[in-house]
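Would you mind keeping the following structure in view while I ask a few things?
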């Protein structure tokens, strides 16, 4: 590894730009987290819409500022929607939930990775599975540290051209050339369903205002910071989820503390 | 416009009647807002049920006190459910989410409007699209003031026989002969997913106890008043959504302040 | 009825075991309550996953520690998922939501009961319908006291080999030989959508660590106790739902107060 000068647009600027633009963020996401995801986007200042019907999803992706394709509950309508979307836009995030274990989504993820997502976001198990390095986790959980899949993530980025974002105690964002690490956050976010899935949506919203690497870094930092604020005022996972939305809405660009980010070149 | 004597049953009486009857309120609604919508109905004092399966929806609509057909995520099962419902009851609300932009729901909305809803509820963009006056909004958002579609809404009401309810900073309810305006509320309600969709469900619940015009006015006023109470005790969209449910449950008929309503005859 | 010595593993031990094991709990459940159900399981200390796609549900059930099949919105994918699941595991809970009134789920419930669930959980109307004793309720509501279906529940348990859990002001759990009654809780839990459905998921989580009778008793007691804690700090159904999640997360085994349980043999 060697130190490199960060070339990302700063998260503060990205958040200010998002608030100005209110990017139309189109989500095809799983049935468990649709409501929370929409509320995260609304709190952040984006404009969410969930259009997952065959014959509509592609058209809508063409006018959206950023798109999320999350494979958590990929019923036939969502499968068709995903295929329409990837032909209609390049500003889309792939979230390969529980890929590796389950055949329908694993095959679909392989097809979608080949279609060129701007960002691939997952936990360590999911990224390992997409990269062909593991058999995936027990579902949406992950016991792996993002560092354990750093090399696999960097190779996946190089091979596909996508930015790869790995979530964990310290998030890791790589384009195969440089890696930014995003520490912080709070474990309570893992006790709320949609904590990770809504990060994919947040990155999709940022795709409407900045390039993919900056979008992934800004999304991670925003979630980490809002989780810290929320944890300081909550007494369990229920009140934390409520406070997380309040914190997202109240977050000012100057609160983001980008100094915590560390940047390094990827070993090759 | 000319002043007319209001003939609506008062919102206070409507709320008291709803609390007594606990109307069975059947919702076919989008995947994003099902949970919040059910919680709004439960908080209000209604009895929600979401039955959106072919072969069941029509049967259930026949025993329900009021029905909502919301087109936010109209998958094939929900399309079939909507067609069953409109043959089984006249006490139903059509919420044409994002109609005008997207072809599946736009065609379905045209078919459903012709089937005779008791109430059509939407934002200004959606009502303009249903009335054939616009191309719809960017999804569920609307930048239009309800006043800009007043004439279109009144004509839609006259043509279809439905009461038309347009949501915005000041809600507008018209049957083509008279119009009631409902001011108040709080912008935070637009930062919670399902704020508008749950109003459609609330109006459907009121259809179980009063006629359509009174149901639409009562629903709007209840949401405006509960939003005001909630905004006074919350610190962001997360806590607002929680407080909104508490406020709905705590709302007494005498809190409704119907004096804020203004009534006028429609120009023709 | 005669007094018998309880043979169930105590709820305190069951909760401690659940916290240690974090059982992977697979839910096929209705669209209204997926998010709340996942949050209940996360708060409790289980690891939820909702896999309701044909070709995946059976595989996943085979690795899950406990499974819920809830019939609230049984679309074709969920019907196929349910059939896969019952061939892949014996540790599953059937929640026959609104069975008796609606034909698709009523036929499916009859088929699933014959496939051998470990636990059947419902309100009095639903249990009566499954037992062939009634025509079901108005949907998810129930006006019946569990005691009114005690005999039907005990016979259903004897006939199917399943533990039958009936929810109400006093929950009733029977295997056809003995019955445990679980008093307590708070009516506010009936004002939150998913209050009952999430109990089915909680029992499924306990199936990962204890046998079915103990799982049903522990699940009921945990929900009753958490509801009491939540009611003491909330001011309506919105804040209650939030506090319920916090209370589940904060619940210690020693808080469970199993002394409130009463056990009796079933009359025959």
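Labels A, B and C are assigned to the chains in the order they are written; within every chain, residues are numbered from 1.
Operating definition for what follows: a residue touches a chain if its C-beta (ideal position, glycine included) is under 8 Å from a C-beta of that chain, and two chains touch if they have at least 3 such contacts.
Please read all numbers here as calculations on a predicted model, not as lab measurements.
Between 0 and 180 degrees and rounded to the nearest 5, what angle rotates chain B's CA atoms onto those of chain C?
The best-fit rotation has an angle of 120 degrees.
Between chain B and chain A, is it the same set of residue numbers doing the touching on each side, over half shared, or a different set?
Interface between chain A and chain B is built from largely different residues.
Centre to centre, by mean C-alpha position, how many angstrom separate chain A and chain B?
It comes to 34 Å between the two C-alpha centres.
Would you give the residues of chain A that are in contact with at least 2 other chains, written as numbers and ranges?
31, 34-35, 241-242 - these are the residues of chain A that touch more than one other chain.
Once bound in the complex, which stretches of chain C touch chain B?
My answer: residues 30-36, 72-76, 98, 101-105, 138-141, 190-194, 234-239, 241-242.
List the residues on chain A that touch chain B in their complex, please.
24, 31, 34-35, 38-39, 42-43, 47-56, 59-60, 63, 77, 241-250
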